[in-house]
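Below is one structure. I have some questions about it.
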Amino acid sequence: MPLLNSVYRQREAGKPLVTLDDYRAAGGYQALPKVLAEMDPDDLQYEFMRSGLRGRGGAGFPMGKKASFLPKDSQRPKYVVCNADESEPGTFKDREIMEFNPFQLLEGITLAGYAIGAVRGYIYIRGEYEHQARVLDRAVAEARAAGLLGTGLFKSTFDFDITVYRGAGAYICGEETALLESLEGKRGQPRLKPPFPAVAGLYHSPTLINNVETLAALPPIVEKGADWYAGLGTEKSPGTKIFCVSGHVMRPGNYEIVLGETTLRELIFVHAGGLRPGRRVKAVWVGGSSVPPLGEQHLDTPLDYEALAAAGTMLGSGGCIVMDDSGSVVRTTLRLVTFYRHESCGKCSPCREGTSWMEKLLQRIVDGQAGPDDLEMLKALFGRISGRTLCPLAEGAVGPVRTALELFPDDWADALENGVPVPEPMLPVSS
Amino acid sequence: MADYARVDLDAENQVTFELNGRQVSAPAGTMLVDACYAHGVEVPIFCYEPRIGPPVGACRMCLVEVEGMRGLQTACSTPVRPDMVVRTDSPAAKDGQEGVLEILLMNHPLDCPVCDKGGECPLQDRSFKFGGGKSRFFEGKRHFPKPLELSSRIALDQERCISCFRCVRFSQEVAQDGQLTMQERGVQSQITTFSGDAYEDRFTGNIIDVCPVGALTSIPYRFVARPWDITNTPSVCGLCPVGCNTELTLRDGDVKRVTGRPDPNYEVEEGWLCDVGRWGFDGDGGITRLTRAIVRDANGERHTDLTDAVAAATVALRGASKPVGVLLGATATVEEAAIALELAGGALAGARVARLGIPAAPLAALRATPRAQLDEIERADLVAVVGGDPGLAQPITELRMRKAVLRNGARLVTIGSRPGTLADVATHVHAAPGALTAAVAELAAQIGATGRPVVLWDEAELAAEPAAAEALAEAVSANGATRQIELGADVNGAGLRALGIPATGLLEALEAGELGALLTVRADPRSAPGRVAWEAALEGDVPVVALATHADRTTDAATVVIPVQSLLEQEGTLVSMTGRAQRVRRGAEGPAGAAPGWEVLIALGHHLGAPPAYRTASAALAAAGGRYAGIEGLTYDAMGVGGVELPRPAADHLAADAGPARAAGSDGLALVATRDVYGGREASRAPALAAFHAPAAATVSPATAAALDVTDADTVTLTSPYGAASLPVRIVDGLSDDAVFVTLGTADAAAEALMPPDRGPVRVGVSVEARR
Amino acid sequence: MSLLTEQLKGFGITFRTMLRKPITLGYPENKTPVFPRFRGRHRLWQYEDGLEKCVGCSLCVAACPADCIRVVAEDNTEEHRVSAGERFARIYEINMARCIFCGYCEVACPFDAITLEHSYELSERERSSLIYTKDMLLAEHPKQVPLRTEGQRV
């Protein structure tokens, strides 16, 4: 099925939309004046809800519903926070939005701000996205100069401004409450929930947090109507979603597809150009490294939330990592667990210590110094970590290992026997 | 246990739920862990500590099963709800607890035999009670360099840390010194100070008490004893008038450690201690400690035993042709004061008894207004501090006020000549020395407009401004909901006042030549405010019998010196500034040559031929409790372990206790005598605190310094109508102009030399003695 | 009758014993051999490099039912290293007058630093000499006792 570049307006336009003029020429900033002139915030919120747009950061929670959780009668100021801490391994969709289509994000944040009555929006961008942060800074300055941010937008009474805040390089700050802590200047660690950010988020005020892709999807929804958006894709998974295909494919990159219309096979073999000659698909982590992998037998799964859940994985952030049969599932699993051990914030014990334990076990398996007992120990650990932590990070570390064990038993048996040889060439992994 | 919050099972809004198959109830909003504990079910915890703040759910130790909720829930952060079904002992809940323990112990070193916490370690206890008993972890453990010095008093063993964040949260949310933080992340997380410097402030030792493992241990107590080597005695700190409840750790007849009570007194210190209270006990030993009695007569000076000294004291006191004076120091216990009063009524008939302290008359009306204990601060919506700097003089009160502001959103107002340690959370209303009255009038308006105000007032500063005290008394009583808390100046001042002992009269009588001898009990008039006047009055041949723990100016010149036991070594009763009578208990054995003060006084009675009818401290107190209205019915049994609040004094109590009008002087700067926990003699004696001991200084504002043309570390001579002192200059922002601040209780007793004996207002002239 | 038989029975024991070899030993030249597991005087042990095995943990104190052990620990420093870890026993005393030789200290010791040896000659002229200090316990006891093998009769 063809691509539909609704969020990736720059692809539709055929050039980067990094100046306001270019973005306007490509149809930008039509939604905001229309909304400010014609709709009141509640209507806009209802529009979002009707569109069926789901959060694109990973959890897939309906965006409109999330916005409706903000208390209407709060005395405190409200905030929109854009989660641009795109740190999930294999995910690089937001980066392209911010780099080539920043104004659509700004417009989306402003629309969300209007819908909930916010006074300010924050873009929390990961520290490593230095160039993207500069692009955003320039875009914000340009929008502000053009009166698209600031007081009395489009001669309405709506005041709104956006601040770009750069993180310091922690995966955990992509978790919404850890992001808020970091944004407040504290150590980035998840908070205990409840209260949820919708009630007590940034500076204890009602806060709407959404992913870059989610917020950037708002202008097209307003332009073309919620019905148009809801009509795309399946009933429960409407709209478009960007998949970031990486790994052993010929044409890695971002592909915005309509949910439910495309299968995993089409994504890999049609859009991403297939594998290297003579190779077969070994494993695919469809939604970033935190989701359970799929095997070759799952290639015909349609890409939408429900179908992927039925296949035993999650759509997640859309970071589709493809590995062909030259790779080792066991070694990749170790590499992923090393990542989660390194990125565990250290607040809650099962994650802090458990990821380290898992890594040590997997390292011994890879080194060929483990026995069946160690595999059993690994399995026993899942239950001791999973479901007992403060945030989903540990879940993301456990899920892929658990599924890898189930889907590829022969690989593990072989690893126990012989270890996993170091592939050539392999760069050292620093952690 | 301090680990769990108190639960009022008789409160109104009870919620009924099922706990392990029983129907139980707890007030709505109670966290499940606390509700369970109140009903005898222990849910293990590590990070939860209600005194520090709201739950953080970090350790995941308190996992329980709640029917209808997916997975296991952390009981520390789940409030009770009606009809919820909770199981703490189901296989799933047990697996949760076992699992978390196994994971916590994964990197925890098994060095319990050398760990100071071993034997009194919550991690040990809970592993034993809730753990699986066996680890399946065979990999190498995590290693850090250890032990590290977090400060010269706190050792950090990072390998033992289970990252419960209690210490970090204490630093950030209770003491609010903003120093401790976690560095690195994940399994490499380490506790450190933000700046990398040593963790030094006034409340740092509490992190040792809250640490649930052996990661933070006390360096002075390092390897001193194991829990089975020691006995613990509940006692009361005798270093300031707050009266924090402490626990003394004893080994080999010595106090080895002072900690907060495991079962805190929520009306006083809430389990926290200041560092001086925690490590100041060391100062009881040391080279100035009196270990043998001294008798000075025509034949010179001789060291002798107690019996001989008491006999010599008897001769000295009986030989006087005129009445005897009895002077009680701030740390004299209620028993000692009561026995002294009895001697004055019998064996030493006609004796004049007084205390070293502040005259009671100017404050009588204020003391008669409704009073509160410290826990009332937490319930207040407006907390006002009138005068003083409680964070330095009555340290623990600061933590309550910070809690009121941070956790309960109370408004905090400080009124006085300096912003003090609460400056970061309080609105400071400046009032120059002598100008409190106007500020109090302003405060009165605010008090009237709030629902539940608490006023803390400084005894010394309000006694110096009786008009302000009057106005404050009116303001407090005008609003029926207002409560006042005295920020006392003297450790047992309230106890001595309760016995009706005045602060005035004795010096005047001595100056008039009316007294034939002086008996001092834990009193050093030669280092007390107005010491120059005392020295002059004692210049003649008035024999002095001194009962003291340490050598001081008075014992250096006394005729008979009888070493007495310190407040760590003998029984006694102290009355805190909020009127709580609390028991000090015998901990250390003390030097062989010293006896309890009450015992020495009883012995004196025997020698003087009018023996009291009792032989023990408890009987002495019981007898006094039957005689003095202020402590009516007070016995050791009545006080129990947490003390008992005495009735408030009447408005006409000690109405005559006012000194003669003394000249304040009209020239120069107003003298403000301040207190500093680290500045006192007790702190300077303790080895663990010596490094923090601040030397005496003449502290002035930058504007005053400019007016005087002095800079930091110049030496100035201060001169008042009562005496003079040479001090280095220190310049501090935010202080009242035209005033000079000098710390009381320092070794050179500089402030005391400048002050009048009744501690009234005084102005000092300043001249530059030496430039830096 | 019965009286007579009783008497004969009694004398029988007397005569039988008269014919036996005497079991008296010429102590102290000859000593009663003890079983290998006999619990006698304590011994503190060192590693081959001279570091003491005892780390001053006081677990023996906790285990001791007679309360006869006293340990006071101190920090090891680089200049003055006594044991391998952070902590060592500055004072290690056993009051032999109170010890009941139950061996619980040996069981409790996590470092095998204390064992009960075979020497049982522990008499002293002064009671205070019965408090054995660390130096005494670290040294090999001069009075050795012969061992007997399992099942050997004296």
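Just so it is clear, A, B and C label the chains in written order, and each chain counts residues from 1 on its own.
By definition in this document, contacts are C-beta pairs under 8 Å (C-beta built on N, C-alpha and C of every residue); 3 or more make two chains touch, one makes a residue touch a chain.
Fair warning: this is a prediction, and the values are worked out from it, not measured in the lab.
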item	value
Chain pair showing more contacts of the two, A-B and B-C	A-B
Farthest-lying chain, centroid of Cα atoms versus that of chain C	A
Chain A and chain C, separation of their C-alpha mean positions in angstrom	71
Where chain A and chain B are represented by their mean Cα positions, the distance between them in whole Å	54
Rounded Å distance between chain B and chain C, as computed from the means of their C-alpha atoms	51
For chain C, residues that touch 2 or more chains besides their own	none
Chain B to chain A touching residues, read off their complex	55-61, 63, 70-72, 77, 95-96, 99-100, 102-104, 106-107, 136-137, 139-140, 142, 162-163, 165, 181-182, 184-189
For the chain A and chain B complex, residues of the former touching the latter	170, 172, 187, 192, 341-350, 352-357, 360-361, 364, 377, 380, 383-385, 387-390
List of chain B residues in touch with chain C within their complex	111, 113-114, 118-119, 147, 222-224, 226, 228-229
Residues of chain C defined as touching chain B within the complex	55-59, 61-62, 71, 73-75, 85-87, 110-111
